[in-house]
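Before anything else, here is the set of structures, which you'll find just below.
Common to both upcoming complexes is subunit A, partnered first by subunit B, then by subunit C.
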Partner chain A sequence: MSLSATQPGVGRSVLVGGAATDGAGSATHSGPTDWATLRRFSERHYEPSWLRDLRSAWWQRYQDTPLPSGQEEEWRRTPLADLPRNAELLLDAPATELDHDADLAARGVIFTDLRTAVREHPELVRAHLGIGEPVESHAAFWALSLAAWTAGTFLYVPRGVEVDGTLIARLVTDRADVAFVPHTIVAAEPGASVTVLEELVSADGAAGWFGGTVEIHAQEGSRIRYARLQRLGDGVWNIGAQRVVVGTDAEVTTLNAEVGSRVTKVGLDVQMTGRGGVSRVLGLLAAGGDQHIDINSVQELVGSHTTSDLLYLAALYDRAHAAFYGRIVVRPGAKQTSSYQECRNLLLSPGAGAEPIPVLEIETNDILRCGHGATAGAIDPVQLFYAQSRGLDADEAERMIVRGFFEQVVGQISSETIKALVLDALARRIGSSTAFDEADEADAA
Partner chain B sequence: MALPNPALSQLPDNYKYGWHDPEMKPLHLMKKGLSTAVVEEISRIKGEPKWMTDLRLKAFRHFEARPMPTWGGDLTQIDFQDIYYYVTATDRAAQSWDDVPDYIRRTYDRLGIPEAEKKYLAGVGGQYDSEVVYHNIHADLEKKGVIFLGTDEALQRYPEMFREYYGTVIPANDNKLAALNTAVWSGGSFIYVPKGVHVDLPLQAYFRINTESMGQFERTLIIADEGSSVHYVEGCTAPTYSTASLHSAVVEIIVKKGARVRYTTIQNWSHNVYNLVTKRAVAYEDAVMEWVDGNLGSHLTMKYPSIYLLGERAHGEVLSIAFAGEGQHQDAGGKVIHAAPNTTSLITSKSISKGTGRTSYRGLIKVYPGCKHSKSTVRCDALILSDEARSDTYPYMEIDEEDVTIGHEATVSKVGAEQLFYLMSRGLTEAEASAMIVNGFIEPIVKELPMEYAVEMNRLIQLQMEGAVG
Partner chain C sequence: MTDELVVSGLEVSIGTKKILRGVDLAVKQGEVHALMGPNGSGKTSLAYTLMGHPDYRVDAGSITWKGENLLGLAPDKRARLGVFLAFQYPSAIPGVTVASFLRNIYNAVHAPKPAPGGGENGQVPKYTGIPLAKFRRMLEEQMALLKMDPGFAARYVNDGFSGGEKKRLEMLQMAILGPRLAILDETDSGLDIDALRTVAEGINATLSPQMGVLLITHYQRMLNYVKPHFVHVLMGGRIVMSGGEELSHQLEANGYEWVREQVGEPEGVADEAPEPVAEHA
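Right after this comes the complex of A and B.
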């Protein structure tokens, strides 16, 4: 994967940890860092004491939380034996690249690198950082990220402010052989609205550990559309986690496009806390080589009259393997809810495999709709034959069918900017179908 | 052995099979508990060959070494030392109802078995606690070489064939409860259908637990030789006690090339029975295996009938219906393993939970590499009838072959207010309307049952529904 030519703030130096731990207890995990290193990092950046205390508390929690043993239902399909757990924490981390918009700033929107946000808006960061419980399946990794983040993105939209267009944040590093656990916060106050794309890029080659975490807080009546385009290097273990909290009448759409990495093992917890909230949890996976992608999702319906729909589509080439273990949990008080999860896998070569496991746990009878669907299979030969009978060669026909397969999610992306970037990233795997592009152009003409 | 909440076991007043026979004087009532000595003693009483005694002991070591499952239902209250492992009323299986002891005969009369045998069955077996008390098959089937015996008798009479197949589908070191069964098994049915023979009417076995704190561990082995077919039906009931009983059966089925087996279970254990059963079939080239699995009774059922499709074009089906009332947990489902090309499977599950009942569908579809053109469809529907009821769906899929078509779909719904209102506006009471909706919901399964069973199933559901809807 090539990096763009202009990369400000790309990290070069890694501070070596190894000093005796103090303050935050004894080290039970040999891991990417230690408390002394984190404390020095915090002091060097003049972090406020509340933040140092918060890091210390999460570090302690990380120490107290065992790493998955492989016996857990969520971890049976992704052994951690080869996780490069001794990769060193990337301390001199790159800042998020993003466009500063003076007009937005004037309206009170804060869109910046997380470390900058700590300096300039400490109280707002404090109000949103690490609130809520860890993503359950990834509790240890969540705690590590909250303790040891060295970069990240902060987006805050005040009450009633509607941001037009698409905000773009890029986190780019040319390092691979490090542990990097950046944290992202997206917070919308009541009635606010925003669309944002976060793109993650790292270098190919060496084995590394990426443990990025995301918190999304949508307050009453707000709308958040968050897309995450993962283009990490081909040696990277991507052990990320995302927590989404959807308040009363709020609407959140998340899209995870997983393109890069050696192993991706992401936990998504979506909590529908307020009455009448809506969430759409979308995913696009294009994997090849020996890539292994394993998604754990929880759609927890707590508030009444809430809606939560999940749709993950995977196109699997070569020896790629995709697992999906997702749960819908409808709590006893969650009356009149509607929820669905759907996971579809297109197997494009004999070595590819899929394990879709959608689980329902329903603790009330007063539901409007609840269900799931999962499929795995090759391209329908009839479709392939049809496309070829129209003059496409087999490869082109396959590409077109894969793009058509992804359309079920792509069609739900309202931002043209996000759609273009995601399709472009996916094209690296599925190839671009010239016939398809020409058809697009013809439509546009 | 205590139940987590003994009061719950008493609730189904309309459970009409809850009586027990006080007159029963056991010939053998081994003291409670499990040990190597108990395993050896069971084998000794039965006069078994040494290989079987050794296999029992081997399985017992596996049972002891393995941890209790921690998934599925709550098994923490099971005390393996507080169970009778071997209780017999008679020392042989009668071939005529007149030879069955009167009080047992009365029990089977009340269950309607002799009547059913006359009318529409090709053969009947009856097991009472640990041993088979009755076994009979139509003479013409016997002439064609069909074997339908109690499993113990089959071991004595057909030792070679028995040893060839026994434990080949579910080995002694399978899961903990299957290992327990292999160690202490007693009773069950043995069926062999020769090449090309079609058994047109169903064979039935009826399992009855009478003794309190009883463990019933029947072992069933069915071999359908090439091109043959057979339909086997089993029913189960037990008296209602406030202490727990354990039913842990193992069923092995071998469906050879071009053969067809259907295995139907109507499980209506009283609500103090832990029903932890391992059922597995292997199907070879062009064979068809069908499980029709109805779970209405028991305190907790954990049962996932499975099918290994080992030959090309083999087909497997599981039709599962579960009804969980007050305090019950039905953890049921099915597994199909596609291990040959062009194999197909279909799992259909319908579950209903009511009161504080909980139904869980748990299933697996696995496709091995190279099993091209495999097709599988899994369809689960759940109906939740009360606020406190719970329904879960755990469908596992492991697909390691590209050229396949695998689909799973599930829905969960409640009885809609609009549906109820419509029916009640036509003069039905709420209970009648709910029962009608439930009957409609399970229709696709019920229509697969033989007529008599379909009627029985509808009646059982109606009983379960009485006074249920609030």
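Right after this comes the complex of A and C.
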């Protein structure tokens, strides 16, 4: 086992220390950190040995997993050449800021920073951290995050507990030029119910690497509504992955609102494992400037009578580009499933572009429904003329049409808190339409 | 100054195609003018040009409204001057409810114009629009008049509407905005007899001595309900014949072939005139 390895092409040595029992082998590719640093980090935080072993195993996995070459179908549209791969890992990461009802703890709900959860509820963290295989398209990044996370959010809802209202977790850093790798766990025991928003904010300016990963475990009959509001800085490469496992008769809605970042390249993996499970996979993208957003989704239907519907809407301004490569996989044993993926892109400037690519892999004849819809186009000029002929100026007419376009997803957000925060973030890009100010007022009246 | 639309020598092209070849027309307040003509004669093009559709290029002539030149004004500015166009094929605006759309356009059209140089301290008080309760009452009254189900207000604008529902929504918008000049582009097309009567009653209820109407139609049947003071025939991009209400009956009886015999085949044969692209949207 070598103690050091020189990375060709990047002109940087990565020191890999420690004995063979560390599980840290020779580096096959450079990254924002090295095993010695991670081990020191783990020791300094008095992490239990099982966690250090887990980090070590994932670090080994990271070393053994090649970074995407760009030849993969999922990676053809997002070259990694400019990924700031040598940005230093943010060790002194901020704790998650939490907003919730104090008496939740009395009901056994744990909603805390992931590092705090390791200290206070190690067995629960152990039961939910890094379960299963990596999200396939993002395997190397998934492994890196499980090895190198320094911050994150932990939400656990015990059996039968229904949490009212909306929990909010904010991860805010004023640094941009770093690699920030937080990990989030949302776990609902049988019959539990919870709604949570996670907001990610970082500074504009320098190039950085954000490698946030999410694991959602919905056990039998539970209901999870998870929203992720991405407001990262304008130099950030957001290379994240999310794994959702939907158990028997469980119901999960995820919403990813992508507003910030320079590049966003997110892998979504929705596993419909239990019989009768339901998932809604929602996305709202508002991008401008030279932003590039590339989503890879997999909806894998394993259990019978499962339902999974994906709907991503993108409003693209300036020279922004959105790619979407989404797969639905219906496994042979999955009977009577229903699945759909829809990706719609509104191009608000001649320089904006979108490439939605749906793939259906159906390995059984016994399905109720499986389909896709993909569109990309400008606002119909007649529609704009129609709105203008009613007295709305061109800008307000466009804002109203874009906001109306988003309503297909916004209307599915049951939490008014989440709706307001997401719309406020989107308004920075799409503006705010007076037609909807009034609708809000009417709702309140 | 009376509210008067004056169109004079209007020539309009779309792309390289000449569509209107010198239209002269004057609509005073309180007058209903019916504009009839075969397919492709330029009726919708005239309506779009009056409203300021950017694809219709005015090559010559003028359009004035209350003495003010409309050419060069954006459609929303024309709307705020009291001009309204009921579309033959109204657009859907998914995600925007009828109620919020109507209140928004009401406020846009009725917003007070900012005083020149701003108000005191340069501050213009924020216009908050018509109070919600007052607007709702007005909406309910107008919807009842058009025999519209109250649930209609919560639907998205023209999204999945039947032809008749779309035309009713056009009339509802006209009633809410209260224009001084209404251009109704084939508002009767696609309506069955009952819907036609309801829509016509809606038009008659909105009509006032202060309002001028340009009613574009293929058929005489609409004119049984909305009585025109003048009838014009547009053919080959020109108004080739004008008269009173009796002209619509002559057209009904004799067809446009009779007009061609009377005035001679106009240049720019009807069949060659392009349908406006937008109509197919």
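As a convention for this text, the second predicted complex is superposed on the first by the 411 of 445 C-alpha atoms of A that agree within 3 Å, B and C clash if a C-alpha of one lies under 4 Å from a C-alpha of the other, contacts with A are read in each partner's own complex, and residues count from 1 in each chain.
To be clear about the criterion, a residue touches a chain if its C-beta (ideal position, glycine included) is under 8 Å from a C-beta of that chain, and two chains touch if they have at least 3 such contacts.
Bear in mind the structure is a predicted one, so any value in this text is a computation, not a measurement.
Under the clash rule set out above, the superposition-derived model of subunit A with subunit B and subunit C shows the two partners fitting side by side.
Shared-chain residue A:365: touches subunit B; no touch with subunit C. Of the two partner chains placed by superposition, only subunit B is touched by A:376; subunit C is not. Contacts of A:407 after superposition: subunit C is touched, whereas subunit B is not reached. In the superposed model, A:396 lies in contact with subunit C only, and not with subunit B. In the overlay built on the shared chain, the residue A:387 is in contact with subunit C alone; subunit B does not reach it. Once the two complexes are laid over each other on the shared chain, residue contacts for A:357 go to subunit B alone; subunit C is not touched. Once you line the two complexes up on chain A, you'll see the smallest CA to CA distance from subunit B to subunit C is 11 Å. Touching subunit B in their complex are the following residues of subunit A: 332, 345, 347-367, 369-378. Note for the complex: subunit B touches subunit A at residues 369, 382, 384-414.
Chain contact summary for the complex, subunit C toward subunit A: residues 48, 51-55, 74-76, 78-80, 84-85, 87, 89-97, 99-101, 103-105, 107-109, 129, 132, 156, 173, 177, 278, 281. Subunit A meets subunit C in the complex at residues 380-383, 385-394, 396-397, 400-401, 403-408, 410-411, 433-436, 438-439, 441-442, 445.
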